[in-house]
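A short worksheet on the structure shown next.
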């Protein structure tokens, strides 16, 4: 058993961490903080009658692990505090994800108050960095769009099969990804029946995608990424289009993905035949609703033989595999638990 | 450990039974049937890569327990087969719910092929009939609207606090309650942005509500029930209005419910003050989204002192506490397991 | 042609008034105000490239008619200003709806700054008060839930057919009814897949319903009203249950409604047979999606012969017949135009 | 005045044609057919009490114009019948859109029963072919995804500014685009909270896009197109990514679009600055909800200076500018009416 503190429990990420950890076999929840102390069910009605209360950050002791679900700027200071006190820290925000200081400061529009910590922070994607996560003091949990895109494109870039400068990703996000803070983009009357495109070039997650894929590809990459909100609550769908450097059959493509993920418990590679017109009723492509509330990422793919391009569809939950759940996967790895501990729940249908 | 067979695994009820039983600590899934054998993920994409396949009903052996998720007519014959072979049966359909034959045959528009079985069937609502469920061979799982209404009204009728002839219930249902079969009512273009009222008087579940509440009240009751579909997937909201026979304060009302459900693990009684105009942001009434995918029923209430009436809000998931999950609660009781085994997962927020 | 000014054009009500008046054959839009001047399409993207700009209230001249789409408190002062300047005023808010001062001040939680105006204000429901609207200087546009309930119940109360103390109304509202101001109740992650009950007893619109129905019934009435938000954008569904004072057939009921509304252009009475189980695919009850964006109210009904009660379903759009459109209907009546001018557009399907 | 017959009035396209033509100033609706004669409101509840009835195709006379809203195969035969009888025909289906027979027959999986008609059919996109539409006997209305993509990309290809082989289009569609026929993809429980990708390579509309853009570009083009359904009812969002052949500023890009569409009444080019992070609340990109139910197409764009690519966002309603409304625009042109007759209604907000 390890003790875990959650900083920022009143947001959607913090709430989901809490929900999963309440049933985790090897974790004691030491405390969960919020700016407004009180019963957690006033914020998270799913957790009615658990007896848990939010406490103030200034009142808590140092546990074994601290999970930070805070705005970017705020998490740096809190990370420093708990690292100095001896805890290991998983930051669900963006403070420690990018390795280049000038890029980070430009993209996030602020100076970084503790840049040296970035050098030891590990980008918390277990499929790429499990070994380094194991011993890390500080893990930087990936962004949700970035998680789906990196998982969807890494096998192709590792194998050198596609043009690295022409990776096109359109990302569809549920509104939970925008968070509990009110905004016009996810005000129901505005987003209901609508699609809200935003930051259509240069979205912050682009830089994570490029950093991690560059590292996999051993060459420069450009990800042309455009996000939008759609009126679903949970889920990320990254539709990735890329161009093969030489002819590639659907069978070969599938084999590349199957091999890349053969040891990975949470990535499921779909075998979806191309002739879906007749069969799709029974063989859908990956459905994002199926992974809501889980740590699973489903990946499907197809090849356009006529036009020589590849489509990869990568779906996950922004507060699941794209956020809270992968943070717990990282915790499991850091603590030496089974990597799947507390994370094997499947999603709903329907 | 007990062995459990699921008949009708390709519908939404059967799929949810399957999802929960896959992680149940004391159950072996013996088999799951469907008219179309094949990998279960072709129907239930949430269960990708579990290795399970649908089999044909005619090929299966008799397990300890059989759960039937079939159309009303079809389940009678199958129940007979497995009871005769020595299994205990939980029927998620309506075949064995009503005690009066002429009512059943009129409401369901068919003769009943095995009426004597109804005499031993127990209405599977653990909050009312746990003792009889324990030893039953045949349990008739309640209807979803009926579950919410009975749980919301039983405490008042038991205490004789309200007029039994004037129970008004409006039921809002997610589309999962309508099932996997296509219909105009839940075709997305028709129900998106819409409310589909149907069977606005004399809906079948009305008779279950009246039967069970009559039994609790020891007098005749009339439930004036009107259902509709709204564009959410999971969840039932029963808004119940009744008229107190004498003045009743909100505090007294709350005490009645708290006492009635004090031993019940899955019914949560909300204490929501009346002056919600300012406070509601932090103290919402029961939210149905919070119990989706779970075995919980949340109940809230209020008193209109000016007009002398009571509102009870009772929310649950039609394929959770209103269907698949309560079937497993009944299984737990019948098998002598902890009543909460496999059922303590909380819902999502958001 | 008359000149019309719109105060509060950046909200949903004001925007809808603007959309309809832009195509009205007899109206010149004099100006439209907002606290934030600028092109209207920055707020209302449907009106891209119309050339209209919001102006400040302090800069405008007095037109023939002023439509107020303001918070309750604010509209009183503005109404006074324009009435004194000689304009006729239609208030889309609640400032002048209730005739009893102590009720208004209790319900709206503030003293009323211009109570004498209430004596001349006409409750702007054309089906009840067309004659008085014609000559009014000040019209108080009804509340959305109240519009649907009054239209659904008035024929029964006028004819003395139902118990006036036992009118039960459950109101389902789209989120546009909650307005452009952010709140948790209509934050998409919270309301998506959810039903948000609020003010379940004593909602403000209750008092309008009771006032108008009392006047029709010539006796005291109690409306037991409970509202909720559901995840649709536009639309109000009032499900009304009442108890007949003597036996009433479905045919008689239909005749009562047909006669009451025979001269009314915007109320459509549905003839929906009771045996909908087989036929409903082709004969749905009134659908709220069908009246979104229009000035129509659809009313359906049924009789429960077994339990002696009546269901009336009344649907309209809260920013259509329940708000902006009926304001223009009132304007047409006041100005002596055809009552239907600019208002005959039908809704969408799907 | 011209007389117009509508074949296939019970589908969504036919219903929308009917709704708009009912208010068209220069059109008499001669008749509207359906396989199931009866009052139109049984299918289209928005048109309650119009007095219109569906009739059988075999019973109708030849009007001036016939609009076909039929499945692809069926429309060929009907088009032949009415052309021979002297009517002018607008086909809302795909029968006459593609100019290459082998492509058509492969893509639609059937032999074409009247190929010579294709030679005189005009692809019904007024922004490209208004002159030829004017005199056409037979107009082939474009597909919905194709309309958005062609309008979004034609200015760039005409000006030779982008690589013609690397046009990437992801298309998001509301469920109305899938039609009234039931299918799992748009069964509410399946699509609610979900994204349903389908035909991710080689979708039929791809060939229309390529044909029309090739013609504009005077060179071969490849459109890499992937569609999906999202849980909104009406609307198409085509997110188009392309690669400039030489450096292009946002200002230059905007000028190209502004000039291309300066004479076009229904295409609105958005001027949306790149720094949307702060300003987006008031300056959203094109919103598809704003054009639902209309003949407008909104186009926005941005340039990624860092990665040298262009995003074009093109939004319209699949049963509006992408279907029924553009058919009426074509009718207006053919009949010599004002091109905007009956089509100037704006969409809703919200």
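So that you can tell them apart, the chains are marked A, B, C and D in the order they are listed, and the count of residues begins at 1 in each.
FYI, contacts are C-beta pairs under 8 Å (C-beta built on N, C-alpha and C of every residue); 3 or more make two chains touch, one makes a residue touch a chain.
Remember, it's a predicted structure, so these values are computed and weren't measured experimentally.
Comparing chain pairs A-B and B-C by the number of C-beta pairs in contact, the larger count belongs to B-C. Averaging C-alpha coordinates per chain places the centre of subunit B 36 Å away from that of subunit C.
Within subunit A, contacts with two or more other chains are made by residues 12, 174-176, 183-184, 189, 192-193, 231-234, 284, 286-287, 289, 292, 350. Contacts between chains leave no pair untouched here, as each chain touches all the others. Taken together, the subunit A residues at the contact with subunit D in this complex read 166, 168, 170, 172, 174, 183-185, 189-190, 192-202, 222-224, 226, 228, 230-235, 237, 239, 241, 243, 274, 276-277, 280-281, 284-289, 292, 300, 302-304, 306-309, 311, 313, 315, 350.
Interface residues of subunit A facing subunit B in the complex, by the touch rule stated above, are 12, 15-16, 19, 22-23, 36, 38, 42-49, 175-176, 192-193, 233-234, 268, 270, 282-284, 286-287, 289-293, 296, 298, 344-350. Taken in their complex, subunit A has these residues touching subunit C: 12, 174-176, 178, 180, 182-184, 186-189, 191-193, 231-233.
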